[in-house]
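Here is the structure we will look at.
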Amino acid sequence: MAKKKPNKNTPPKKHSKRHQKMGKAPGTVIYMGYRDGGSTSVNVLEYDENSILERTIDPDTPDGLTFIEELTASPTTTWIDVIGLSDESFVEKLGKTLGLNPLSIEDAVNTNQRAKIDEYDNYIFGVFKMLYLDAENELVAEHVALVLSKNTVVVFQELKDDVFNGLRDRITNKTGRIRSRSADYLFFALLDAIIDHYYVVLENVNLKIELLEEEVYENPKSRTAHKIQELKKEVLRIRRYVYPVKELVNKLIDSEHELISKDTKLFLRDAMDHSTEINESLQIYREMSMSLMEMYMSNISNKMNEVMKVLTIMASIFIPLTFIVGVYGMNFDNMPELKMPNGYFYVWGLMLIIFIGLLIYFKKKRWL
Amino acid sequence: MAKKKPNKNTPPKKHSKRHQKMGKAPGTVIYMGYRDGGSTSVNVLEYDENSILERTIDPDTPDGLTFIEELTASPTTTWIDVIGLSDESFVEKLGKTLGLNPLSIEDAVNTNQRAKIDEYDNYIFGVFKMLYLDAENELVAEHVALVLSKNTVVVFQELKDDVFNGLRDRITNKTGRIRSRSADYLFFALLDAIIDHYYVVLENVNLKIELLEEEVYENPKSRTAHKIQELKKEVLRIRRYVYPVKELVNKLIDSEHELISKDTKLFLRDAMDHSTEINESLQIYREMSMSLMEMYMSNISNKMNEVMKVLTIMASIFIPLTFIVGVYGMNFDNMPELKMPNGYFYVWGLMLIIFIGLLIYFKKKRWL
Amino acid sequence: MAKKKPNKNTPPKKHSKRHQKMGKAPGTVIYMGYRDGGSTSVNVLEYDENSILERTIDPDTPDGLTFIEELTASPTTTWIDVIGLSDESFVEKLGKTLGLNPLSIEDAVNTNQRAKIDEYDNYIFGVFKMLYLDAENELVAEHVALVLSKNTVVVFQELKDDVFNGLRDRITNKTGRIRSRSADYLFFALLDAIIDHYYVVLENVNLKIELLEEEVYENPKSRTAHKIQELKKEVLRIRRYVYPVKELVNKLIDSEHELISKDTKLFLRDAMDHSTEINESLQIYREMSMSLMEMYMSNISNKMNEVMKVLTIMASIFIPLTFIVGVYGMNFDNMPELKMPNGYFYVWGLMLIIFIGLLIYFKKKRWL
Amino acid sequence: MAKKKPNKNTPPKKHSKRHQKMGKAPGTVIYMGYRDGGSTSVNVLEYDENSILERTIDPDTPDGLTFIEELTASPTTTWIDVIGLSDESFVEKLGKTLGLNPLSIEDAVNTNQRAKIDEYDNYIFGVFKMLYLDAENELVAEHVALVLSKNTVVVFQELKDDVFNGLRDRITNKTGRIRSRSADYLFFALLDAIIDHYYVVLENVNLKIELLEEEVYENPKSRTAHKIQELKKEVLRIRRYVYPVKELVNKLIDSEHELISKDTKLFLRDAMDHSTEINESLQIYREMSMSLMEMYMSNISNKMNEVMKVLTIMASIFIPLTFIVGVYGMNFDNMPELKMPNGYFYVWGLMLIIFIGLLIYFKKKRWL
Amino acid sequence: MAKKKPNKNTPPKKHSKRHQKMGKAPGTVIYMGYRDGGSTSVNVLEYDENSILERTIDPDTPDGLTFIEELTASPTTTWIDVIGLSDESFVEKLGKTLGLNPLSIEDAVNTNQRAKIDEYDNYIFGVFKMLYLDAENELVAEHVALVLSKNTVVVFQELKDDVFNGLRDRITNKTGRIRSRSADYLFFALLDAIIDHYYVVLENVNLKIELLEEEVYENPKSRTAHKIQELKKEVLRIRRYVYPVKELVNKLIDSEHELISKDTKLFLRDAMDHSTEINESLQIYREMSMSLMEMYMSNISNKMNEVMKVLTIMASIFIPLTFIVGVYGMNFDNMPELKMPNGYFYVWGLMLIIFIGLLIYFKKKRWL
């Protein structure tokens, strides 16, 4: 736990990235992730209640951007999924095609960006963190940026991840009401999928707490304290990603932006319920991990007490006895007891009395 | 305490339920409880100041829904009690008959739903947790959903529970003012019955604290710390269910929804007083359980101190004496003291002086 | 401290009372105190700037209520003091005579009611806790309900207590401006008398903290920790009664109820100052009691350190010496040192050197 | 630290004062300080940009009040400095002359009054605490009440203190802009002088923290913990006096009272900056004193560890060796080793091996 | 860590500076830094989209101020950089030339001033702290004051520092959009550069935490606790400088001052995001440093436990054995065992049994 193994999901040179950006003008589009040189692909899903069209766009051809421009103008709902953000120049061109503010384009590829929602005149821009567990059950936070404009939702993400798979299926299979609703509902559905996945991560934390609780109660080791601290840090980390979401959803509900319909706000109210619940859970996990540490400390103290009792009992019983036998090991010429025929047995008797007396004393003190 | 026995009141496969829902569209009606396959029954109570009619409806016949539709339209107050939520399709049909939003129907059977109040144009929807103690004195939280529409209150709950029994009696026996008032008063009375039952649970917590306090003061054991931690978790759990209620009642009071009359708001003000009082109690219980842990730790330290004192006194007295008798156990050819006729008794005298000196020393240090 | 003696001021069967109420309709007038069967007396004080009339009313005659009704209508200020609340039916009749809402009448005899202020169209209803110290210096909280209506103030209380005695004297002796002012000033003056008495209780807490501080510094015992915890609980209890008052007074100041004149609000501002000060004091007492516990723990640790040092010094000095004398107590045939004429004295020399060496070592470590 | 010496700056009989007031009407002017029977003097400073007049008024002559009444009416700025508050009747007469509300006059001599600002139609009344260090470097808090009315500022204080000396000099020597500005600027300047002096007290706290930090790191003693607790209490005490000031200054800035000009508000903004800074410092000092206690506890634990290590090493090395020499001190007739010519030296060899082995073991454990 | 070396970046006589100011009128321009007698230089950068002019002004000639006055009037954007603040009279003259309020001029050279933003009719004045790490990796906080007036931004700073170097390059090299925008964008860009540098400091804290975490886990020493406390103090210090920035930027965004264009507010929103993120990080670092201390304490306790176990095992095994050999070292005339031919070997057998028995006992207790 003390030494971290290099993890393919952890940015290896985050610092240098941050430094690279320092001193640059705001709005400069710099990819802040650690998956440089990855390829970028664009999937487009165009649908209305009756028809659905799925297409992949080649980011290296100008036709792609033209096609996107056309889609944006059409009355059907369009979901543009940009996967892989390391190709900064393409993202910048795409952003301009969609009419995004340079600051939004910058944030779309800034994988360090905190969760946020910015309203512009013609679109709403949001950044969130998708949380999931990797193969080694470690927490991974992936950056995702969402743009809601008229009839169009654009998703910027790093990996072709499965958080939105259920949603894609619902659109394709015409399950639920999504096909009959407009882009703002799609925006909500994406947000809802992200929030829903937070529960998976929370359940994992809950499980870890239960396991640690058992470890603390049954067999606390020195490593247990480390594990509790690691858990606390994980909760802090999750809270950092998840905490702002509630306020952001609330902002959307209170927003008077024309892109968010009153109907969708009912659904957003649901999403806010979930965010509130998640924040409450995290608060509870935080208190529980602090209780775990307390419990651990009290267990250590209890163990020390037990150790001390054994020592004290052993020493208190045998030290006086050893003194007595030492007395009769002295070599004085004149020691009357030594001459007594039963002296040796009297001494044993005396020691037995002391022994039993001390046992009773410790029994009364409930140390035995 | 460390190992939890399986409890018939605890959902055994909550995780799988949650996963089942993930990726589904919001508004999909999925029963989240753990009492699958239970039967659903519907009790209807229709009353005005003069007459009262009680009926049970068979959920499997379409006549039931038609009857409910008629009742809803009539000017008398109707209390529809849906008991057992695992029959999702019936609940969905009933919800549509009552004109509920799909999101409300979803929440009616979502037993994991946090306490909430949602206002819609034609009805008010609330979810609360009924808390009570089971036969083993363990805390149980049951989901209950309330719908207030014109002249009608619908209650969705899992068990034919007794929280509302007093209220049913008051209506049947025409006690109190309930018969002469409209549906919003019934809604308040249901809420009031739920909040009133929180006090039972709080009193149980209070009792546990008093017992633990005595245990900590009188005879703290290693298990005591576990019990304190369990108590803390129980308080956290109750708080989670109960805490939102105050704000929700306040929302109802501030609400301008036409279904809540000014008169009923006076009563809601009373309910809010109770919620505030409950939240304050929980806060106090929380602080008291933290104090208990502190007290426990200080008791452990005190005990350790006592153990150490016994060891130190025993060792400090007998170790020097043992050294002295060791000296005269040496076998040197030339040890003048050994030849002295009273040497042995002089040594006893010396040891007695040392013994008394040390006793005085420890007495002065207040260790004895 | 651990076992509580039965206290004549503590409700012996509070739980049963609470249960008795459960399931009853809100507004049902049930006396929640523990002084059942006590007698009820009603004292009336009617005054204006020039005249004053004091009367006792027999609650068992209908004339009493008629008389009260007349008083309420007269333009002079009337202070009605209802002492003893266990006669529920009289209180209910009186409440109806005064035109009180059933909820207010319920709260007037609900001695568990949290501090509150409710505004109604024709009167203002407040519940507060009078705090004082009983003969054994224990904290007692008495329920008091105040009603301010036009020209009349009604006080519902359990005992003919002395908190309002100063105020009665001021009215009778025409001291201060109270005789020349209307009922809202009397209402304020009653509230002010209650708040003023909180200081007495706070001073008692302060004194306890000072005594405990001295005990912790001078001679901490195992009982000291218990006392600190009891103090903490007392502060929590006082805070519970006192904390809401500030907000309630503020509510009165902000209120636009016609019964509160602008002039009286100036005085209420003063009362709020006092409430704020009391809350701040309680906050400080809370922090100080936590510091006391910290101090206590550090003192225990220091004592343990001292104990350990004595043990370590004794053991470290005599264990090696005992080993040396053990060596020359061995019975080998061939031990050259034993034959040396001065061997015995050489060993003493060696032991002296070791003894002094260890003393110097411990001195350098500042353990001596 | 544990025993407090009587301090000439500490009220010796505060309790009795408080009790004396209890039951009195609000607005009763009772001096709450502990400097009874002190003399009262009144210094008046009248100035405009060109002229300045300084006078001392004899409080025992009616002429004084007449003179003050004339000054108040004149267009020049007047600073009336009332020093010594124990003459309640004079303060009351003066207050009436100045047109003050009885509540303000009461607060002017109520030295226990918390910091406050009350706005009246024709004047603004403020109470603050001047903090300084007495000759023994102990914190002293003096009550000061300020009244701002048209062209006049009245200061009620207990001692002819030096907090305002710099301000007096600036007026007399025509330094700064104060001579050319009106009374509200003088009011601000007095407030500013009070706040400025808080920094002196804070610096003293900072110094104490640094000294304690060194003591904790270098040579923590049992007394050190007491000192840390005393520091914490001092910070709590200062915070109590200083904390409300920020909010009060803010209230003045937001006030629409005609006595505060827009220009003076710019200066008040500066005073609020200082109050904010002071509150932040106190917060930091609070956290630092808690850290100090933590550090102290960790140091005690470290010391205990060290003590235990010495004991364990000494005991673990010599106890086995003593056992071995004990073996060969037995008196069995048949003990072959004793007959061996080099048996004694073999035993020494064995003991040396054990000794070195244990040293290596402890070295490996890093206990040496 | 305990003794601070004199640091060239730390004000050596801050106290005297503060005292010097006490009693002075507000608005008195006194340099509060510790770089007295340093020279002052003024660099001017004038630019619009097409042209750029850089000049250094000699503060000792009146021409300089005249030139600045002309620049301020011209429509091009002017960045005036005042480096070195100890020449109070020049700063005062410059301030008057720029039309600044005396309070702003005072704050421009008051290096103790907390971060603030004051809006005046014709300019906006801000004070911030630039944080960086000096050559010894210690945190340094430098005062910087910014003035935004029409077409002009003035920067008051102590050192020709590199925080703004990137910005200067962007202007000179016409990178980014800065050249085409007006003064309010320059003001934002300066603020953004300051905030960007906070990340460097935070990364350093993060690194320290990671190193300390390893030290605590691997090899905690007494010094480690000191380092953790120093870290906590550093976090407190950074928080003090950085915390107000978020609120200040928010104030600018909400401001309706005509100098801040709607366009620039979009960028300020970005700066606020960063401030929020920084505050969250500091909060997390704070919790992590508290966890570190907890971990450290639990490690000490664990170590103590281990030490005690070694002692207890050694003592518990050898003390009884030593007693046994002591028994047979007694010199009684009549001790039958001594005469037995194999007595010696029987005793060894007995001791072996005890030895093995105790080993098993400790093994079962998991102490071995």
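Labels A, B, C, D and E are assigned to the chains in the order they are written; within every chain, residues are numbered from 1.
In the analysis below, a residue touches a chain if its C-beta (ideal position, glycine included) is under 8 Å from a C-beta of that chain, and two chains touch if they have at least 3 such contacts.
No experiment lies behind these values; they were computed from the predicted model shown.
Contacts with chain B and chain D are shared by C.
Contact with chain A and chain E alike is made by no chain in this entry. Residues touching across the chain B and chain C pair largely diverge in numbering: under half of the numbers involved belong to both copies.
Between chain A and chain D, the superposing rotation on Cα atoms measures out at 145°, rounded to the nearest 5. Remark: chain D and chain E have CA centroids separated by 26 Å (rounded to whole angstrom).
Measuring from the averaged C-alpha position of chain A to that of chain C gives a distance of 43 Å. Looking at chain D, one finds that residues 297, 301, 304, 308, 311, 315, 319, 322, 326, 329-331, 335 touch two or more other chains. Interface residues of chain B facing chain C in the complex, by the touch rule stated above, are 165-167, 169-170, 175-178, 189, 192-193, 196-197, 199-200, 203, 213-214, 217-218, 266-267, 269-270, 273, 276-277, 280, 284, 287-288, 291, 294-295, 297-299, 301-302, 304-305, 308-309, 311-312, 315-316, 319-320, 322-323, 326-327, 329-335, 366-367. Residues 1-3, 15, 18-19, 21-28, 101-103, 113-114, 116, 118, 219, 222, 225-226, 229, 232-233, 236, 240, 293, 296-297, 300-301, 303-304, 307-308, 310-311, 314-315, 318-319, 321-322, 325-326, 328-331, 335, 337-344, 347 of chain B are the ones that touch chain A when the two sit in their complex.
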